[in-house]
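Once you scroll down, you'll see the structures, which are given as structure tokens.
You will see two complexes here that share subunit A, one where it goes with subunit B and one where it goes with subunit C.
This part shows the complex of A and B:
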């Protein structure tokens, strides 16, 4: 018997009000042939997890009594890294000790253990397996636990819509200092694309600029430069030197900032807006829109990958490969280890993590 | 006998139209026609908002036809039908053919044109009718180059899989524009339904007119902007299976355009075209992400420059629809030009009157 705990809610609301820890038993002697038991290695708090609990996110888990709750409840969390601790007799994709991530959103990753069918998980190499395969490095828990959203978002936005010519073409992004922004900088460098990252002006701008350039940023500009007409020729010269075009803009800020990055686009350029729960409207002047034929579209990884297993697996493998080859640096999380049987219940760890999310991405490790 | 011709020309951009636009007289001598030349006589040509803004300096359409290569005058206008009156020996058109220019920038505001078929552009014209074919009226011919092709391409370029079961909808502002009246007619041919939004205070007759052009529903701006439009009016109108797949914006930006985007169903397109007054489009990022709404732009001139054959194909389709009586032309204000009049004055007046409707100049 395994005593498992999961963070659940029955009513939507603020996490501080509606989360609770549900404790239940998983009978590891009675698992079905296609089932696996996993234990959690780490699961983070993403803004979309919070929005799901609040009931304002368009994708959310069903409320059920599957875990044995007295009233229908939904599990929290969408990203997480798990280790297989038991496999059913017909399970072919996994053996004990393998690492895995949920195949779909809404699985509920804020938990200590889970009983699942093997198709609910996708295998990742654990560090021993990477080493045995001759890779320079294995995945860390943070890398595995945060692989499904931010790095995949960056990779897919850069590759799935517009064909950028390596060595020549450019993309521009606002939120250059965000987690997705930093992945986009690194991945564009790996793919040979030039980048312009817009960041907020700040006292230690030089430091940030060197950090981003260290990750592979071609150019870093401030919001003020993004909005300035005088600065336009400088950007035109950068682009002219490579003989390419700015074909893609990534927007996670909105407002004037979205107008600024859209203005830098070449004719027929595309602006992709992502992560749009809490920011300002996307603003496009009609003249720019019509005469440069700029298109503005949304990027939502959940919808894109929902019915495209192949694209998801291909993207995941690429990110894993870069991590194993030490070509990609993960965005660091603030890690808090969960202590079973301690004074704090599991949901309290996540409630604190939600509050602390303002300071950076929070990861609960097990 | 040589032909005394005149054209409305400009050399600089500007808004002071009576001074910016000039009358230029010129002479065409058919006796000296080269084998690759033809003489065209205007049957009728039109004034479009884009023509005016081109003269203001806003729309930059590369103009191709100078009256005299040594004197780079621009001839105004982009739409109009010409009748072939003389042809050189190598020209495939016949006297009596009705032609329109394939590309924008021809300069249609003129009583005659001497055209040269160059080796690098062997097909600058589309034959749309002839003297012995009465299936197309001069009115239809003179206005087939801009509004009807815009409407047809708007319907076909973004949504490619319209359902013919009556559940797919288009919503459009500027519901009483000429393009909108073609959109409603062309949508009807596909069994696609239309919501046309008009300014408040339109008369019953004006609304009835739009219904006659097959608008499924005509709404005033107040009805459209009402608080319960998205939650009640729209769902009741389109029904549980209805989908608003295309929203057409030709008025600019602001709240009404945001509402247009918010009216779209999942995977819909907001397409902005023909906006002259500027403005900004403001879209809720949540609908871009979670309803997969795409904001796109449309410009006929850009399409035609990129792929001239697309214009030919679009016009051919429209000619077929006119011949079969499937669409009708939209109202216009007819102005009769007389040979001895000053063409510049006729056009300056027509431009002033454009705010009351499309002006078309007919020649004797």
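This part shows the complex of A and C:
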């Protein structure tokens, strides 16, 4: 018998108000033929997890009594890394010791253990398996626990919509210093694409520029330069030198910043919006639409991958391969180990992590 | 020998400053085998014609000395209806008396006559030919002279991008009272699509609503209703009753008006922007892009048809057919007949027409 804990809510609201720890038993002697038991290695706090709890996110888990709660409840969290600790008699995709991530969103990853069917999880190589396969490196817990959203978002935006020609074409992005931004820089470098990353001006701008160029950024510019007509010819020259075009813009900021990156696009270019950090809408001059045939579209990994298992698995494999080959550096998280039986309950770890998210991405490890 | 006149400019500027009438001879006894001579029946003033003269339009004619001007000049005007008055020995597409429109933009339609090659024109049936073919009606000069931009824009936006299901699906448009808007209302009715047209509130709103519904509008709403959250459920009910979706939005206004029509779109909907009457940019909330997968794109008939002869001819035939069958009502123009040899020179007719464009579309007839 395994004593499991899960962070759940029954009513939407602020995490500090509505989260609680639900403790329940998983009978590991009585699992069905297609079931597995997993224990959690780590699960992060994403902005979308918080919005789900608040009830303002369009995708959310159903509230049920499946975990034995007295009132219908939903488990929190969407990303996480798990280790298989028990498999049913008919399970073919997993063996004990394998690592796995949830196959779909809304599984509920803020928990110590889970009883699931094997189709609810997708296998990742654990470090021993990577080593046995001759890979330079195995996945870290942070890499596995944060693999489903940010690196896959960056990869899919760069590859799924517009065909950039390696060595020639460019993309431009704002939020160049965000987690997705840094993955986009690295992945574009791996794929041979040139990049322009827009970042906020700051006292240590040179330092940030060095960091991003170290990751593979071709060019780093400030928001002021992005908004300046005078700076336009500089960008035109960079692009001219490679003989390509800026065919893709990635926008996670909105407002005039989105206008600025859209203006850099070549005729027929595409801007993909995947976030709105400024809380301003996307703003597009009419002439960009009509005379440059610029298209503005959205990117939401949940919707894109919902019914495309093949694309999801292909993308996941690619990211795993780059991690194993040490070609991709993960965005670091601030890690807090959960101490079972300690003074703090599980939901308090995540409540604190929500508060601390302002300082950087939070990961609870087990 | 034909004495021809054309309105030309050598320098960009305001029409009142830079237009002049160039008079030259066309030797109708010496035309090449593939050439035709046309005389103009009518040519309108479009906003894009004015912007070309001002030098602020992305597509414009080259300045040449082809017409015998002392300095390189460009002829004005893009739309117009012509009658063939002479054909070269090898011309197969035209005979004398046929009607025709320029095959491409930038031909220069503000003129009395033109010498051209036959591939520079596309044949339209003249009224006798329509009658002989048993059609209820022949084209009027206004219909022929204004056929290339507005009705074709409306038809292509409704059919080329999104497949609307007749009897079920909807489109929404702002500028419902514009020329394109009225064509879109009529054409959507002919194709069986439901429409919501947004118009400015006005004292005689009922009158306008009756007019648009007379043309085939399903629903007419005001800008205030378009911007109101309270009005949303009314629209949802209309759409629910037909069992379809609002899959397409047509925007020629911009600003918050564009936000309003984009908000009405179903998931995966498309907004096409073909104008910006408010001089405000297109404004799209981030969440529409990400969570509703709304795409915002531009429509420019010049670019769309530039390399697609087949689409152009197919579209033109469809509009002609509807006019001949009296199924489509043209947007009326304010017509001014040119008096050859009178007190006013040809360019003065167009200069006055530019000024009078504020009162409605201007057509100079010959």
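Quick notes
In the analysis below, the second predicted complex is superposed on the first by the 363 of 366 C-alpha atoms of A that agree within 3 Å, B and C clash if a C-alpha of one lies under 4 Å from a C-alpha of the other, contacts with A are read in each partner's own complex, and residues count from 1 in each chain.
Note that in this section contacts are C-beta pairs under 8 Å (C-beta built on N, C-alpha and C of every residue); 3 or more make two chains touch, one makes a residue touch a chain.
All values derive from a computational prediction rather than experimental measurement.
Three-chain overlay on subunit A, with subunit B and subunit C in a clash. By the document's definition of touching, neither partner reaches A:314: not subunit B, not subunit C.
Within the superposed three-chain model, A:297 lies in touch with subunit B and with subunit C [touch as defined at top].
When both complexes are overlaid on chain A, the residue A:282 reaches subunit B and subunit C alike.
Of the two partner chains placed around the shared chain by superposition, subunit B and subunit C are both touched by A:274.
The residues of subunit A shared by its contacts with subunit B and with subunit C are 58, 254, 259, 273-276, 281-287, 289-300, 303.
Against subunit A, the residues of subunit C that register as touching in their complex are 58, 254, 259, 273-276, 281-300, 303.
Looking at the complex, you find that subunit B touches subunit A at residues 252-253, 258, 272-275, 278-299, 302. Chain contact summary for the complex, subunit A toward subunit B: residues 58, 254, 259, 273-277, 279-287, 289-300, 303.
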